[in-house]
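There are two complexes below, and they share subunit A, which is joined by subunit B in the first and by subunit C in the second.
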Partner chain A sequence: MTRAEPARPVKHSRALRRLGTTAAVIALLAVGATIVGTAPTDDEVIAPFENVGTIGETVEGRETRVLVTGIRTTTSLTASYAFTALDATTEGTWVIVDTVITPRVNSVGLSNSELRIGEYLFRATDIQPSPSLLLFPFGPDLPVTGSVIFEIPDFALESADARNATVVYQSRTVSTLDDVPTVRLDLTTAESFDTVELEAALVEDHG
Partner chain B sequence: MTDDLPAPPGTTDHQAAVRRRGWWRTNLVALLSLLVVVPALVYVVIAVPANSRAQSETAIDLVSYGDSTELGGYSWTLSASREFPGEGLDENDIPTGSSLVAAIIDVAPVEAGSAESDSAESDSASSELAAASCDVTLTSRASGDEKSWRELTNEAVYNYRLDEATTSYCSFDGEAFELEVVFLTPDDAYDSATIDLSLTVGDPTIKRFALQPAQ
Partner chain C sequence: MLWPLTVVAAATAVVAIVALIGGFNDVPVERLPLVEMGETHEGSEILTTVTSVYLTTVNPATGTPAEAGEQFLAVNATLENTSTRPNLWQRDTIRVVVDGAIEPEKQADSNVEVPGNRGISFLQAGLPTDLVYLWRIKTADATPGDDVIVGIFDRFRVTNDPVFDDTAYTSPTPVARIVTTIGAQP
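Moving on to the complex of A and B:
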């Protein structure tokens, strides 16, 4: 009797320890899984910082200051090219984002600007007459008035996501860890035109 | 005298001396390795990148207004520059808040054997330049930060006409030419502005020309 009695609490203690160890391991695994599951992806880690604003609000990035003054849609674009004396008309569904851009350090062409509607992403078109906001020779501290234009499918314009579209103004395909101006747009409020004639970007009177 | 003598064997001082000699003997190789490795590490981590950076930095030569400088076998002289303040698109086609800045740079091949030319080297540079051009930017420090503007290609929009005797691009065919460059800048840029000029081929040196003082 005296030999058997002390054995019970030892067994009980071992069982508790095993249970505790198992619980601790499971808890650690759960914490690890949560961390892995919620950690940003490699792409997200190096993604640009998007400074978000709305129409009528000046939004700053490292390279530029951006002010969206209006949005228009049309099914027909006309452009005149001064150097070739060529007029061109093209049909489609176009979103025209009227913008004033002020470079901050050097001349910037925003040729990799994007329009995001839901999961779809559209690049800016380069059919504009020169100089344009995509490729312009103006330098820092000169506000340039022009448009950034996107051709999109009809369903994108008619989708619910069109109410919460964004335009990202960027000069490079990958703006890794750079801060870029981003403007939220409700495309359903855009003024619709039968045809829009594109004009070259210019520096207007200021100051 | 007693200090110079080794401690007698068996004494505490003798044992300590033996321990000290033993430590040096044990760590001699490691210490010698450190003597080699640490300077090598410093060289690789600090000196090599610093040297590489120094070599990749482009030299900038300052050129006073009216002075000539030599680049690519040619002599370069900024002979005139001027600011045209914007009075408004309805007035002089130049937006208010900005200025048109124009400059003329006289470019002439350096005569072989002249004081500025280094004969064979100069000839070689000249032939290399045949298909080259030049990059010209206007740089200003008016706001404290250095900012630069590219040469306009549509100066006619701002009612500016190039002189018939000048050209807006570099062409190295062995003949002298006058390079006329035009920039649109903010209205406070001119007083602290310079024109940076470099060749697209060969010598990477940037020639930084001071502008004609405002009148």
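Moving on to the complex of A and C:
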């Protein structure tokens, strides 16, 4: 009696199973790498919700309603301050975003507002006489007219990204999971002035 | 009574091993690189150019006089934030040492932008900014021509700090120095 030789098809099927397992492992690794590679970062997970609008359009956030009425640029700013004898004049490249802000819940200061041009992020400059939109003493449902002002380098204003800039109106450095008004601006359409005198923010008179 | 000999032999062996691997070598003291007045130092986040160091009895930014018996040591510098975001670190970028008047750990009493007389709380990205750093000192403590060392400081990102996991940056770290005299021209 002789022992039967193992059938060749069994060897083939083992080899096929190994091949299948290897392919499955590689596929799972690829899927895992794709998931890890495309998953949002920690910052993205807690990023604020940006309610986006344009000039002339009222944009709402949780804390404020925002209406941008115009944009200006200048190379010289002058400010007079009520409580000091000093007047400040400063040269530079300035973007002035004229804005009406209406607090919704409480008085709010938008001192962490940002102007974004391409990858650059510019912070609002606190040069305005008080009260300003950055230190905002008025309560809910009182619309106040003022400006948010940014000093920026010339290259940013002259870049192609200046056509698609955005201003984010926010009171905190990081508005985690909050919704914030964001307004798109084409800075190339801004009206240019030799000099601009800054004024304090005013409660709007609705008659 | 072999144990005292054993202890002495073991201690000698430890000392010999430490000596062999360089444990008793002098630690080299690295001197901070020198930069000249007017020369730009490229830090990890900020370009720093110190343009003058001088004494004045009038605050050059505000025009207000110093208190009686006091004067200001002023350092004028141009800083440029090379990142794409605002930088809040300009206050710690420059310190000075004046023998008997200002110790190296003393932060400037104020730093303001000139011209414009603006207290500055951040450096805008890509925007060269002229600043004056001021230390208030007694009139008798320094005169023009005295030696002064201007230190340029930097900070570095920290990731996975083993003690405080929310540490983002190192403490201010000196990275370059200007050795000059008060009032010297670049």
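Note that the second predicted complex is superposed on the first by the 199 of 207 C-alpha atoms of A that agree within 3 Å, B and C clash if a C-alpha of one lies under 4 Å from a C-alpha of the other, contacts with A are read in each partner's own complex, and residues count from 1 in each chain.
The definition used in the following text is that a residue touches a chain if its C-beta (ideal position, glycine included) is under 8 Å from a C-beta of that chain, and two chains touch if they have at least 3 such contacts.
The model shown is predicted, which means the values in this text are computed figures rather than measured ones.
Student: Please determine, from the superposition on subunit A, whether subunit B and subunit C clash or fit.
Tutor: fit
Student: Is A:202 contacted by the first partner subunit B, the second partner subunit C, both or neither?
Tutor: first
Student: Thinking of the overlay built on chain A, is A:138 touched by subunit B (first), by subunit C (second), by both, or by neither?
Tutor: A:138: touches subunit B, not subunit C.
Student: Given the touch rule stated above, what does A:107 touch, subunit B (first), subunit C (second), both, or neither?
Tutor: In the superposition, A:107 contacts subunit B only.
Student: Of the partners subunit B and subunit C, which touch A:89 in the superposed model: first, second, both, neither?
Tutor: Touch partner of A:89: subunit C, not subunit B.
Student: In the superposed arrangement, which partner chain does A:127 touch: subunit B (first), subunit C (second), both, or neither?
Tutor: After superposition on chain A, A:127 lies in contact with subunit C alone.
Student: Give me the angle at the C-alpha centre of subunit A between the C-alpha centres of subunit B and subunit C, rounded to the nearest 10 degrees.
Tutor: Placing subunit A at the corner, the angle measures out to 90 degrees.
Student: Taking the superposition as given, does A:56 touch the first partner, subunit B, the second, subunit C, both, or neither?
Tutor: neither
Student: Determine the nearest approach in Å between the Cα atoms of subunit B and those of subunit C after overlaying the two structures.
Tutor: Scanning every C-alpha pair, the shortest subunit B to subunit C distance is 23 Å.
Student: Taking the complex as given, what residues does subunit B use to touch subunit A?
Tutor: 86, 88-89, 95-98, 138, 143, 145, 147-154, 157, 183-187
Student: Which residues of subunit A touch subunit B once you look at their complex with the stated criterion?
Tutor: Within the complex, subunit A contacts subunit B at residues 105-107, 130-131, 137-142, 202-207.
Student: So in the complex, the part of subunit A that touches subunit C is made up of which residues?
Tutor: For this pair, the touching residues of subunit A are 86, 88-92, 119-123, 125-127, 151-153, 155-156.
Student: Once bound in the complex, which stretches of subunit C touch subunit A?
Tutor: That would be residues 62, 84-86, 113, 115-118, 121-122, 124-127 of subunit C.
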